[in-house]
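Chain nomenclature is as follows: A, B and C, assigned in order of appearance, with residue numbering initiated at 1 for each chain independently.
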Amino acid sequence: MRPLTPSRVVWVCAALAGALFVMVVIALRLGAYPISARDIVMTLFDGVMGRRDRIPSDFWLVVFGLRLPRIALGILVGAALSTAGAGFQALLRNPLADPYVLGIASGAALGSMLSLMLAPQVPGATQVAAFIGAAATTAVVYFLGRRGGQLDSATLLLAGIITASFLSAAIMFLETMLSGRDQRGMAFWLLGDLTAPPSVGLRWLYLVLIVVVGCIYTTAADLNLILTGEQEARHLGVHVNRVKLVVYLGASLLTGLAVSVGGAIGYVGLLVPHVMRMLFGTDYRLLIPASALGGAIAILLADTLARTVVAPTELPVGAMTALAGAPVFIYLMRRRVR
Amino acid sequence: MTDEVGRSISVPAEVRRIVTLAPDLTETVYALGLENRLAGDTDYCDTPPAAKAKPHVGTTINPSLEAIVSLHPDLVLATTSINRRETVESLAQLGIAVYTSNPHTVRGMLDSIRRMADAMGAPSDGEALSAHLQQRLDALATRLKDQPPAHVLFVVWTDPLISIGQNTFIADALRWAGAESVILSKQNWPRVSLEEVARLQPEYIVVVEDATRPGGEEADLQARPQWKQIRAVETGHVVPIDDQMERPSPGLIDAIETLARELHPEAFAGGNASADSSAVAARRGRKVMLCAL
Amino acid sequence: MSASGGGPAVASLASGRGKDDAPPRLKVEQASYAYAATGRMAPSFTLGPVSFEAQQCETVAILGPNASGKSTLLRLLSGTNRPLSGRIELDGAEISALDAKARAQRVALVQQESELLFPLRVWEYVLQGRHPYGRRLRFETEEDCLLAGNALEQVGADSLRQRWMDQLSGGEKQRVILARALAQQPALLLLDEPTQHLDIGGKVELLRRLRSLARENRYAVLIVTHELDLAAEFSDRVVLLHKGKCLCVGTPAEVYERELLEQVFEAPLEVEMRPSGRPRVMLREER
């Protein structure tokens, strides 16, 4: 028997980080603007050294203004969604759970819709409103999802589905009141969009990501036990209710964050944890960091494909994840029938 | 300067390279005679046909920002009727000047043309074009001044039936053509039930022409059993119109004139085929369908 | 798990507490509990007061028909619920007063297993029994692996190590669950109707094993059951419950009195004393 050791976790994460690095390099290199690898490296180097004046303004725009922010946002969103997905799958005791099953994306969509209707001129308001919508949905589902004062997986799932349906209905109703331009914007947002600059600085978002993933990680060993049975976990000394609350809040926060800045990109939160399980096992002490890194890789891959496959036309990244996700999903389902 | 959505933009003194993000904007640039400054447009810009040969930056909803940057534009033209807010904001963040037009009425469109020409550094061309179009509109208004407006239903989509609201651009264009939409709605694209149409019994149904099946619109509607209760369909008062009608571009004026002729032929009887109408047919090179009345 | 120098170090699964036989390992004193007891409503079910003791190396059967309060007593013993009155002490410490981890190091509960969501190997499952002994974000140590391995050996499931949990038979699964409990190195081993899904051979094997484990590892083993004959044969002491009341505590020979049993189990019974000193229970023929 080979139990999970810290060094195995480190090695796997290093390998995944390496793959992520390769993906970043590819994403930097590809794009509609013709710029050679050498020029990219020079631009990066000069940029990092603070010698901005030596870089042609176009190169600066493309590398630092367009590609790097998009890559950074993609990594953030991918890591957040995948970690949240892994968390929800454990919390809800359901392998089909994804970050949106509890209605958080619908809440965010409603929030941004309301902000478009009420305060269209304020830049960045839609993202903040989306996050507030997500947070509000989290709170509502929490209170609906309790049983005997504690979070109950089955009740939570039901509460989430009902809330999501209700919010979707509200969205459909309000959609008719939006102007044409906003309707288009909304429809596009629902498919995921990594081009919009986040209204809060990216570094703060990354800070939140790392802190929250860290918090969820502290419950990783407990989650392993909870997955073999809640009562059993209690009798082995796990504070089940506390763990569930931490995971619920953490995963919801990550989802709200990802959706506010990137729209509702689907399939990543559902599939990346499963793929990581197939590759590295079901132990959450490895699964959580692996999902985060794997999600970042997946989103980068999807986004890069989306903007290069039929250049200069850009496909929405959510369409790409769906196209790739569906066959992967089918493959996974067939494998489970052992 | 300030554009039509209230954003203040700083346009370089010399605008040599322009990128347009919507077909009607491309058309306007060509109409202003500034096409040699047009560095790029979208995949959908096909009027006039020469626009198809220009470098493309992608779709109107999600153009490739990198492609736009690679064209080094001094000015990018966008419009609220087609482009997304986020595209404009992203471009602004990159330091590229974006002028967003926001026409709600036909007159507003003429104003828009003037202001856009101004932004592009060709105010005299803008004045000339705008004045010319205004003149045509005024001439039309004179012809139609004694005519009661025709009651029409403007069909945007048949399944489900979607028409236009009172505040839309198209409603205003209809008014200039001597027509009035029977649908009184504050929504921009209201869904209407056939019963409501049957109750209102408009004199004419105006449908956007299907370029792939010219002449088929009337037969199409007549083939639908529920539409038989609409008198206009039964009597064949179905007017196909070019899709120029839906776009705030110079070609709109052509469409308005064409529609006015269909609905009020009496106002145009008496010879005096204006040089404009033949120029219209010639310039666009399309067949204008006249329906049997 | 390398052997260095002499023989392999075999870590002991014994609880190693309480060398004397005099102070009882488990002491239940007038423990009682009631469900749904609010200020206004009368409780829907009351248990107690119950009193008994269990020594280390002893096997105690908690016997009674359905709805007699066995499960409730089990919840009190495992620390899930706090007794409304009275005390339940394990080696002198009040069970419900312990924090979850400390309790998990002393009390192990063997129940029917919940459905597993994701595939898990047997050794991974058993290794989870070591969770109470770790720090916050713990990874298992060599010692943990050793102990888990020993646990599997002790239940005779060593060959099952690499198998997947969801591919085990009922009896095999039962043994693995038991192994996980043993890996906890408890002082008190609780089992809830462990013979439910086993055939007679399986039942006998399990109970024999439990008795020998109790002796070897110095556990106090408590088995909740309604199986009269098995309890008679395999337990050192019996606690007889009926409708929430503790009717009798003693050796099987002392407790198994025909009229009492008939009243409790509501069935015509015969009790026969055998030479071994253990009673045998049979259905009485209707004449």
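As a working rule, contacts are C-beta pairs under 8 Å (C-beta built on N, C-alpha and C of every residue); 3 or more make two chains touch, one makes a residue touch a chain.
Note that the structure is a prediction, hence the values are computed from the model and not measured.
Following the contact convention of this document, no chain is adjacent to both chain A and chain C.
Across the assembly, the mean Cα position most removed from that of chain A is the one of C.
Chain centres here are Cα averages; for chain A and chain C they lie 45 Å apart. Computed centre separation for the pair chain A/chain B is 41 angstrom, with centres defined by C-alpha atoms. One simple way to say how far apart two chains are is to compare their mean CA positions; for chain B and chain C this gives 82 Å.
In the complex of the two chains, the chain B residues touching chain A come out as 6, 43, 56-59, 61-67, 69-70, 72, 80-87, 89-90, 93-95, 187-189.
Only residues 78, 80, 100-105, 107-109, 111, 113-114, 116-121, 123-125, 127-129, 131-132, 134, 136-140, 144-145, 148-149, 161-162, 184 of chain C touch chain A when the two sit together in their complex.
Those residues of chain A lying in contact with chain C across their complex are 1, 3-6, 93-95, 217-218, 220-221, 224-225, 227-232, 234-239, 277, 282-283, 285. Those residues of chain A whose C-beta lies close enough to touch chain B in the complex are 31-34, 58, 61-62, 65-67, 121, 123, 176-177, 179-182, 184-185, 188, 193, 195-197, 307, 311-316.
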